[in-house]
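Heads up, there are several structures right after this.
Each of the two complexes below includes subunit A, the first together with subunit B, the second together with subunit C.
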Partner chain A sequence: MPTNLQSAEYDTVGQKRWVWPGFAIPGVVWLCLLFLVPFYAIFAIALGRIDPILLRPVPEWNPVYWDPTVFAEVAADLFGGQLGLVALRTIGYVFAASALCVLIGYPVAYFVSRKAGRWRWLWLLLILAPFWINYLMRMMSWVNLLSPDGQVNQILSFFGVSSFPDWLSGQHLVVILGLVYGYIPFFIVPLFAALDRIDDATLEASRDLGASNLQTFWRVTWPLSRNGVLGGLVIIMLPMFGDYYTPNLLSGSPRTRMLGNSIDQFINQTTSQGSRGAALTIVLMMFVAGLMAYYLVTINRAAEEARR
Partner chain B sequence: MRNQWGKPRGLVLVTALYVLWSLIPVAIAIQFSFNAGRSRSTWQGFSTQWYVGDPEAASSVFYDPSLRSALNQSLKLAVLTMLVAAPLGVALAIGLARWRGRGAKPSNFLMLFPLVTPEIVMGVALFLVFDNLYDFVPFGTWAQFLGHVTFSVSFVVIIVRGRLFAIGRDYEEAAMDLGASPWEAMRRVLLPLLTPALVASFAIVFALSIDDFVISQFLIGGANSVTIPVRLYSGARLAPPPSLNALATVLMVVTIGAVVVAGLGYKALTRRFGGDDSALETVGRFEI
Partner chain C sequence: MAYHPRENWNPSHRRRVYTRRDFLQRAMVLGIAVPILPSILAACAERSGSGEGELAVGNPGNPVEQPLFDDNQAIESGLEAEEGPLQIYNWADYISPDLIPVAEEALGVDIEIATFFNEEEALARLSSGEVAYDVWFPTSQRVAVAVAAQLIQPLNHDYIPNLAANVWPQLADPYYDKGSRYTVPYVTYTTGIAWRNDLADSADIEGKPNPWDIFWNPKYAGQIGLYDSFTDTIALALLRNGVTNPSEATEDELVAAGDALVELVDLVDVRYTIDGAYVGIPEGRYAIHHAWSGDLVNSQFYWPEDGDYTVTRYLWPANAEGSTAVGPISSDTMAIPVNAQRPVLAHQFINFMLDADNSLENFGWVGYQPPQNALTPDYLIENEWVADFLRSALVTPEDFERDTAWVQGPLDADTEALWSAQWTRATSGG
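Now for the complex of A and B:
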C-alpha cells in the first residue's frame, strides 16, 4: 500500500488523481448546463431569427449564421432613440445613488468600525439588520409611507403643508432615494470590514509623527480604505444597473424607466419580444462588464490569498 | 491639546440618523401588520387578525389562499434548493480546492462567474434557455428550483473553501500516516472538521433562496408558483390590506431564523472543532 502512495497515480494526500476532479464534476456540469449554456442562449436569441409565422424568436446556436438585425435595431434605438434616453437615465440614477451611498455610508461605516466603543456590537447589529429584511419588504414599506394617505403626508400636513405631490409617480428623487435606501447596507458592510482591518498602530504612528486628526484621516485612513469603497461600489452598482423593481414600485411611470424595466417588459410582459430583451441584456452587460471584471479579479485574489 | 480619541459627536449623529432612517419604515410596516383595522397608516388597536384571522372577517396569511400559497411556495423552494445546492457546493469546493489538473482553473472561474453576474442577466438567461432549449422543464417550481440552486452553489463554495484552506491538509495526512485509508481520512477527519461550514451552507442557501425575487419572478409558471417576494412586489401598489405586511413579517422572521441558525451553528461548531470564522464575513460581502 504505502509504495502505491508514491506512484504517479496518486497525489500527495494519497487519493487517486481522478478523485478531486470527481468531486468537482457534478457542480461543474451543473454550472455548464444551467449557467454557461443559458448565458450563451442570450446571444443565440439576440442574434437569431424571428419565425415569420409564429413571430417568436428562434435561437441560432451557430455563430456563423448569426443575424444582427435585431441587435442593429436596438443599437440604433440606443444611439438617438428612446432607449438612449433610458440608458442615460439609468447611468444618471446609478451614479447619483452611488454617490449618496458613499456620502452617507462612509461616515456610518467609519463610526461603527473605529469609534463606536463599548456599544459597537449593537451598532454593528443595527447596520447589519437591513441585510436580512427582504428588499421587496423594505420597498413596500416606503410605498406605504409615501402613499396619498401615508405617514409622510400625515407628518407634512401636521406642519401645515396642504398640497402634496404624487410621490409615487415619476419623481426622479424618490427613485434615487429608493435605490440608496435599498442598496446602501451592501455598501456599508464591506466598507466596515475594510476599515475594521486597519491596524490602530498605523493611526497612532501617524499621530506620533505629528499629523492632525484630519491629516491622519486623509493620508492614512482614507487611502487604506479606498479598496473597501471601490469594492462596496461595485457590489451596489452591479445590481443597480439591472434594477427594475425599485422604479416600478416607487414610480411605475415611463418618466423613471431604467434599462432593467425595458428588459423586464420585453421578457416578462410580452411573448414575442424575447430577442429584443436578449439584445438589451447584452447592452446591459456591456455597461457593467468593467464592474464584473473588477469584481471577479477581487474575489479571485481574495481566494488566492486565503489559500496561502 | 484636545483628546485625540474624544467622542465624535457628528459621526454619532449621522450614524444614529442613518439607523433610524433604515429601520423605521420597516418597523412601521411590521407595526401595521398588527393593526386592528384595514388601514396601513392609521393605527386602530392591536390584533393578530392579519396573521391567523377568520377567513370570513378578513384576509389573513393563514387563510387567504394567495398569501398562504406564496408562503408554501417560498418554503418549498428554499428547502428543495437547500437540499441540493449545499451538497453540490460542498463537493465542488472540496474538488476545486484540491484539484491541480488542467481543468481546475477554468472550473474555478466558472464557479466565480455567477457571483458577479447581475441577477437580471441570470434571470433572462434562464428564462430563454427554459423557453427555447430545455423546454421539457416547465416554468414554475421546477424552473425556479433549478435557478435557485444555480445562483446559490457558488456561495456554498466560498464558505466551504474558506474553511478548507483554514484546515489545511495536515490532519488528513496525519490520519493516513496512522493507517487510515484516504476515504477514511476524508470521512472521519475532513468531514467532521467541515461540519460548521456545512451547517452554515445549508442555512445560508435557505436564506438566499427564500429571499430571492428576480430569478423567482423570471421563472414563474402561474399563480401557484408565486413566492412571497413576488407577491409583495405585485401587491404593494394595489392598496393591499395589512395581511401583506403580515406576510412580509413572516418572511423576515423565517430569514432571520435561518441566519441565526447559521451564525450560532458556525460559532458553536468552530469552537468545538477549532479554526477561524472568517468565512461568514466573506459571505456577507457577496450577499445581495
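Now for the complex of A and C:
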C-alpha cells in the first residue's frame, strides 16, 4: 500500500475522508429542515408573545427576548395542578395499554413467527388487514359496537347478562382497550421480525444441552427477542402519549382526558393560549425523550455485548 | 434585526418594520421551507402592520361601526367580474354542495372550496397572507378582530342589492358591523338545550325559571352532554349561575362557573362532544345535550331509519315560557379577504347567497337559518323545511332585541386565560 494513502487525508479503503460522511448531508439537511426548525418554532411560540390585535401567540425567534412565564405556569400546573392529574392519567393509560400489548402481542407474534409454519404469511396478513382501515373509522365502529343498543350489549344480553355498564360514559378500561386495539399491530410486527431472526440452531443447541421448553424460552428466546419488545414498545408508546382522539371518541368524559386533549384544547379552542399548548408539548417531548434514551442505552449495550 | 417590538415600540414607526414580503423572502433565504413557518413569520409581520389596537366590539344595545382605513378601500362600482375560479374559504360542511353548481352556473365560473375546522386555523392562515381566498365566513364575534387586523376589505353595496332587499333589518345593519361595512350575515342561531322527550321528562326543562339547571340534574346521569367548546360551555355555566352578561364575568364568577362544571363530572357523568347534539341525540347516546339551534334542525338527517325524530325538542332559555334565564344568540357572516384576487366575483357570490331561494336551498342542507325576511318561521314550518315541534329552534329578528339575549364578543388575552384555566379544571376530571 502506498504510504500517501495512510496519511490523514485518506481512510483505510483509500477514499478521501470526507466522502463517506458526505453521503449523510442530504439526510442531515432534511432532518434540520423538518425536525430542528419546527422544534425551534415550538420553543419560539412557547416562550413568545401575544399579538395585540389577533390575540394569537407569535413566535419569538430571538432567545434573548424569551419570556418563560407561560412555561413556568404550565410546569406549576403539571406538578400539583390539574394538568398533573391529566399527566399521571396519561402515563397510567399508556403503561397499562403497553403492558396489555405485550401480554397479548407477544404470544401472537411468537405463534406467527415460530409455530404457524407455512401459513404464517396468512396469519400476518389477517393481523394487519383490519389496519388498512383508517384509525378514526375503526374507533368510530367501536362507538357503534359499544353504544347502549350496540352489538356488544346485544351479545351480552343473548348470554343472559341483563345489566351492562355504560361503556362509552368515561370508563378507563374502555379507553385503555381502545389504545391497545389501535396500536397493537405496530407492536406485533417489529416483534415478529425480531423473533423471526432467531436462529433455530440456538434453540436446538439449548435443547441438546438439556434445557426444557420453558427454560429454552426463558434463557434463549426471551433474551434474544427483548430488543424487539423494546422496539415495539417505543413505536407504540410515543404516539400513545400524544393520542387524543381515542379518549374523545370512546369516552368524551373529563375523567379520561389525556395530555393530547389538553394540547389540542389549548391550540385549537383558544386564541391566546396556544403558547400553553406549545409549552406542554415540550414537556411531553422531554418526558418521551427520557424513555427513548433508556431504549437507546439498552440497545447499545446489547449491541456491545453481541460484539464481544 | 434592526427593530424589536419590545424596544420602545412606537406605532408611528410601524411602517419601518419589515413588510410581509420581506419576511417571506427572508424566510426563504433561510431555507425555511416548512409550510407552517412562513405563516408564523408572516403572522409576526402582520402584527406590526395591523391597526391601532382598540377593537370595535358591539352588542345589540350598543351597535358599533367598524373603522375604515385609507389603505383598505372597497372596490369601485360597475367593474367587470374577474375570471374564475372563485376561491371560497368556509367551515367544513357549511354550504350546500347542491347549491355550488347553481352558483357556478349563475356566476359563470368554477367555484373551489377550501375548509377550516376552527376559526383559529382560519385566522392564522389568513393573517399569514400566503393564501388569497375570495370569500371567507367569519363568525360575528370575530368581525372586529378581522377588521382591526385588516384581514377583510370593505364591501361595495352596489354589488349586493339583496342585502337591503332580503335580509332582516336587524342584521342588514347589525350591531357588530353597523352599516354592514365589512360583512353581510350568512346564518343565525341560538344556543340552548336539546332533549328527547322519550328519554327525558320535558317538565324538568320547560316552565323552569332557569332551564340551564337541567344539566345539573342527577336524574339524567350518564345521559348528559355539553359542547367541547370552551367559550360556549363556560358561558353556559355562567348563565346557569345567574350571570347575565358572561362577557363581563368577574374572576370569582368564573371560578364559580368552573366549580359548577367540575361538579358535573361526578354528578351526571358529563361528557363533552362536538357532534352530540346532531348525532348523539338521534343515536340515543344523550337524552339532553347543549345545542346550537342549527345542529338540532340538522339532526333529523342523522336518525336511524326506525327512529322517531318527533321526540326531538329544543329550548332557548332567553325565549321560553316561565324562564327568566339569559340565552346566547349569534350569527355568522360572509366577508371578502383583503387580498382577494376576484373581489367583484366575490361580491356577486355574496349577493347570490343572499337570494331568498338560494339561501333556502342552502338552509335545507346546512340546517343553519339564513336571516331572510321571506323565510319566516311560519313559512319554513308550513313548507315543511322545519318540523312544528322545533319551532323553538328558529330565530326571529326580534330575538336579537330581547333583554334576555346575550351575544358573545371576543375575549382579550387576559380574560381568555381566565376562561381557559376554568375549562382546564372542568375537563381534567377527578
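The working rule: the second predicted complex is superposed on the first by the 247 of 308 C-alpha atoms of A that agree within 3 Å, B and C clash if a C-alpha of one lies under 4 Å from a C-alpha of the other, contacts with A are read in each partner's own complex, and residues count from 1 in each chain.
Everything below uses one rule, namely that a contact is a pair of C-beta atoms (placed from the backbone, for glycine too) under 8 Å apart; a residue touches a chain by one contact, two chains touch by 3 or more.
From a predicted model like this one, the values you see are computed outputs, not experimental measurements.
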What is the contact status of A:34 with respect to subunit B (first) and subunit C (second): first, second, both, or neither?
both
Could you say whether A:292 touches subunit B, subunit C, both of them, or neither, answering first, second, both or neither?
first
Does the superposition put A:137 against subunit B (first), subunit C (second), both, or neither?
first
When the two structures are overlaid on chain A, which partner does A:76 contact: first (subunit B), second (subunit C), both, or neither?
neither
Examine A:242 and indicate which partner it touches, taking first as subunit B and second as subunit C; both and neither are also allowed.
first
Would you sort A:45 into first (subunit B), second (subunit C), both or neither based on which partner it touches?
both
In the superposed arrangement, does A:186 touch subunit B (first), subunit C (second), both or neither?
first
Is A:277 contacted by the first partner subunit B, the second partner subunit C, both or neither?
first
First (subunit B), second (subunit C), both or neither: which does A:115 touch?
first
By residue count, is subunit A touched more by subunit B or by subunit C?
B
After overlaying the two complexes on chain A, where does the subunit B footprint on subunit A coincide with the subunit C footprint?
34, 37-38, 41, 44-45, 58-59, 147, 149, 168, 248, 252, 267-268, 274
Subunit B partner contacts - residues on subunit A that touch it in the complex:
11-15, 17, 19-28, 30-32, 34-39, 41-42, 44-45, 57-59, 104, 107-108, 110-112, 115-116, 123, 126-145, 147, 149-151, 154, 168, 181, 184-186, 189-190, 193, 207, 213, 231, 235, 238-239, 241-245, 248-249, 252, 260, 263-264, 267-268, 274, 277-278, 281, 284-285, 288, 292, 295-296, 299-300, 302-303, 306-307
Residues on subunit A engaged by subunit C in the complex (per definition of touch):
33-34, 37-38, 41, 44-45, 49-56, 58-59, 62, 65, 77, 82-83, 85-86, 89, 147-149, 166, 168-170, 248, 251-257, 261-262, 265-274, 276
Name, in rising order, each residue of subunit B that touches subunit A in their complex.
4, 7-8, 10-12, 14-15, 18-19, 21-23, 25-26, 28-29, 32, 40-42, 88-89, 91-92, 94-101, 103-104, 107-129, 131-133, 146-147, 149-150, 153, 157-158, 161-162, 165, 169, 172-173, 176, 182, 185, 207, 211, 213-214, 217-218, 228-229, 232-233, 236-237, 239, 244-245, 248, 251-252, 255-256, 259, 281-282, 284-288
Which part of subunit C faces subunit A closely enough to touch in the complex?
1, 4-6, 31-34, 36-37, 40-41, 43-44, 46-47, 50-51, 53, 55, 117-118, 120-121, 123-124, 127, 145, 148-149, 222, 225, 228-230, 265, 269-273, 276, 283-285, 410-413, 416-417, 420, 423-430
